[in-house]
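Several structures are given next for inspection.
Presented sequentially are two complexes of chain A, the first with chain B as partner and the second with chain C.
What follows is the complex of A and B.
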């Protein structure tokens, strides 16, 4: 049984257009995803496409004008906002993108101790700092005094000391050099190997493939495919969805072939399949009906014609 | 044309040298990669080459002359984060024409949609904004482009779209490009040669 299971999730925002006229903008729709213990699931999609909102929805920290539908289950139990508040920081932890998520006026050692469970938070914090090669003096620093590398390790530390069983990392890798990238990805692999369920949200498919067990490809507010990491190989024939194949073939090492067109920003903009205007295989049926998710070759795909 | 960094030295006040004795040259139509770990001064060198920073020692030469201090700079820099490279109070139409008017051809190749022109920067995604920043820099007067982690924040499809458009422009206009990136595969794909700042630099970082 998966530790975390998201079914048919939708997130919409109420926006004021002009004056008191409101419209609703759907940014996630019909999204299904699950993570098991000991597993890293990467959620890969373009930046600004709303995949961070998935993390925020799971943790129950969406802004007040968001409307949420669908179910999120933790160990089989359907989460309510009250239950999310209890589990947040205890069983479900977020590794945010940047130190701007920390309290700028509190020393980082104290912030990590606040996240720690158990009888001796100070010992827990010191042990995790030692594990991540952070010198003891770092606990007395404020967030702005940290170098980029230290900041990343402090953010990872907050998730580890909490003992949370589900760790959600939001874009932890952009702009890292090779050594830092290897180190950061190693932290997440280690967490998963210790039995946690890790969800890695990123736009960087190369980074995801180096460490993830399964990849969920996010497009226009939903997951259009869930594949094993091994499916991303050769010319991409093992991939189920034409967008996943385009993503794979656009990598600098695989031909650097650009797919024309754009992702719709709003889930309701395109009738039928949201990828249909850019799809090389699109047929009349694709513009009529949105393809439902179906199981295919040990993964999931939302495409009428995938085989 | 030829863009040269001659014996560049840079430091903050009396601090340690970030860059020292750096020599680099780039010819028209050439695509050169600049690699090196974080904190070694790649961005600092890119800023100096585009005239955004003054070196403490040495200088930048364009066909033997210093960079022009007024008017349009023929060396244009593209930043990693387009959100902080555009004026949030301007509409995209004005942002695009900030330095001149980019040709219809390059705007088309970058996939700029006419309906985006009336929008504000916060109404576009990072990939859409970066296309505007690239188009803005590719006017007929631009001779060299410094691409500092230009597509690091973007997904693979958008990255390939933007680079293919820039390479086309480069072939048409003999544009010289310096690609600053951590992505070895990207450098291998784009560049005729790659220089490592660790080897060029005699500053304290190396």
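What follows is the complex of A and C.
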């Protein structure tokens, strides 16, 4: 049984445009993902496609004007906002993207200790700093004094000391060099190997493939495919969805073939399948009905014609 | 490195103050020269009819008023540099001793109003920011916006009408009860006379700091680090004390120190309405009755007062904010 299970999740924002006309902007719709313990699931999608909102929805920290539908389960239990508030920081942890997520006026050691849920926060913080090769003096520093590498390790530390069983990393590897990337991905592999469930939200499919067990491909506010990492191989024949295949073939080492067009920003802009305007295999049926998610070859796909 | 930075900073500030005061001396001296105030007439007052033109010329000569303006200015400026501000014509006492005495009374008034408006304003701002868009927030915003457009003297008159005239709870004016000898005046008497002017000044001072704090807190609550704190399970007052308070109190403190000028301006009006014998009332009297030495003295002194408020605000940032304190060398 998966530790964390998201079913048919939608997130919409109420917007007021030109006066009092209320408009709903749907950013996530019909999204399904699940993560098991000891596993890394990577959610891969292009930047600015609303992936972070998935993390915020799971933790229950969406802004007040957001409307949420669908179910999120933790160990089989459906999460209510009240239950999310209890589990945040205790069972569910977030690893954010940048140093701006640390309080600029508080020493980083204290910030990590505040995240610790054990009986001795100081010992927990020192142990994890030692584990991540952060010198003891770092705990006395303020966020602005940290190097990029230190900041990343401090952010990961907050999740480790919390003892949370589900770790959601939101874009944790932006613009890292090879060594830093390997180190950061290693942190998450280590957490998963220790029995945690890790959800890695990223736009970097190559980084995701190096460490993840399964990949969920995110397009226009929903997951269009969930594949095993091994499926991303050769020319992408094992992939189920034409978008995943296009994504794979757009990588420099796989031919560098770009896909024309761009992703719709709002979920309900395109009738039928949201990928159909760009799809090489689109048929009349695709413009009519949105393909439902279905199980295929040990993964999930949302395409009428996938086989 | 640290101390060198502080020394350089202070030296820069001192230089700035010196140039400011020099410019201010020049400006106010020549403005007064151009004003219709005739120092001799101001000095002689009602006895003017009995003073002939010859005698007037003698008084003018005695004071050096027949000399060219530049020479007069240099004469006055060199005395000021030596610490001699001259003698007040109204009080017939050295200007510095008048300022000292009046400033003591004003300090009480302004200090109490400053503290009260700071504390109340900050608290209101925090409540409004934490309860954004609820009825509490709307009430506080409405209150602050109304106050921000209320003139001091008008509110002073209103307070005076309600609390002193209708209800009779507080005296109508002055710093001490009339008809008492100086040594008979108790601290209670002084405080009793202080309540209404302080109330007027602080009620008005609340608006600025409250609205500013509200805005700043809303920014802080929308920041990445508060989002991350919420993701770690922090909420409500814990979150505010840990991450909101420090990030909001610094700008509020700075604002409060930088508002010395408004405080002084407000005190001038409030003291006039309540006939409170402070520095504000003194400057009005000096201006109306042509007491040039006193007027110049108070102008210089108030500039110094406002300048030190800004200086404290700057220093505070350097001491409290680690980004400036420890990053000064970067």
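Assume the second predicted complex is superposed on the first by the 307 of 307 C-alpha atoms of A that agree within 3 Å, B and C clash if a C-alpha of one lies under 4 Å from a C-alpha of the other, contacts with A are read in each partner's own complex, and residues count from 1 in each chain.
Keep in mind that, in the parts below, a residue touches a chain if its C-beta (ideal position, glycine included) is under 8 Å from a C-beta of that chain, and two chains touch if they have at least 3 such contacts.
Because the structure is predicted, anything quoted here is derived from the model rather than measured.
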Check: Between chain B (first) and chain C (second), which, if any, makes contact with A:246: first, second, both or neither?
Finding: first
Notebook entry, point to check: Between chain B (first) and chain C (second), which does A:295 come into contact with in this model arrangement: first, second, both, or neither?
Noted result: neither
Checklist line | Touching partner for A:1 - first (chain B), second (chain C), both, neither | finding: neither
Next item on the list: With the two complexes superposed on chain A, say which partner A:260 touches: chain B (first), chain C (second), both, or neither.
Entry: first
Margin query: With both structures fitted on chain A, tell me whether chain B or chain C touches more of chain A's residues.
Written below: B
Check: Between chain B (first) and chain C (second), which does A:82 come into contact with in this model arrangement: first, second, both, or neither?
Finding: neither
Next item on the list: Report for A:176: first if it touches chain B alone, second if chain C alone, otherwise both or neither.
Entry: first
Notebook entry, point to check: When the two structures are overlaid on chain A, which partner does A:137 contact: first (chain B), second (chain C), both, or neither?
Noted result: neither
Check: Just chain B (first), just chain C (second), both, or neither: which does A:47 touch?
Finding: first
Checklist line | Where chain A meets both chain C and chain B, residue numbers | finding: none
Notebook entry, point to check: What does chain A use to touch chain C in their complex?
Noted result: 56, 59, 61, 85-86, 88-90, 93-94, 96, 98, 100-106, 114-115, 142, 144-145, 158, 162
Next item on the list: Sort out for me which residues of chain C touch chain A in the complex.
Entry: 223-225, 227-235, 242-243, 246-247, 250, 321-323, 326-327
Note to self: Please output the residues of chain B touching chain A within their complex, sorted ascending.
What the structure shows: 37-39, 80, 111, 113, 125-128, 149, 152-161, 163-164, 182-186, 188-190
Checklist line | Residues on chain A engaged by chain B in the complex (per definition of touch) | finding: 44-49, 147-149, 174-181, 203, 205-206, 246-248, 250-253, 256-263, 265
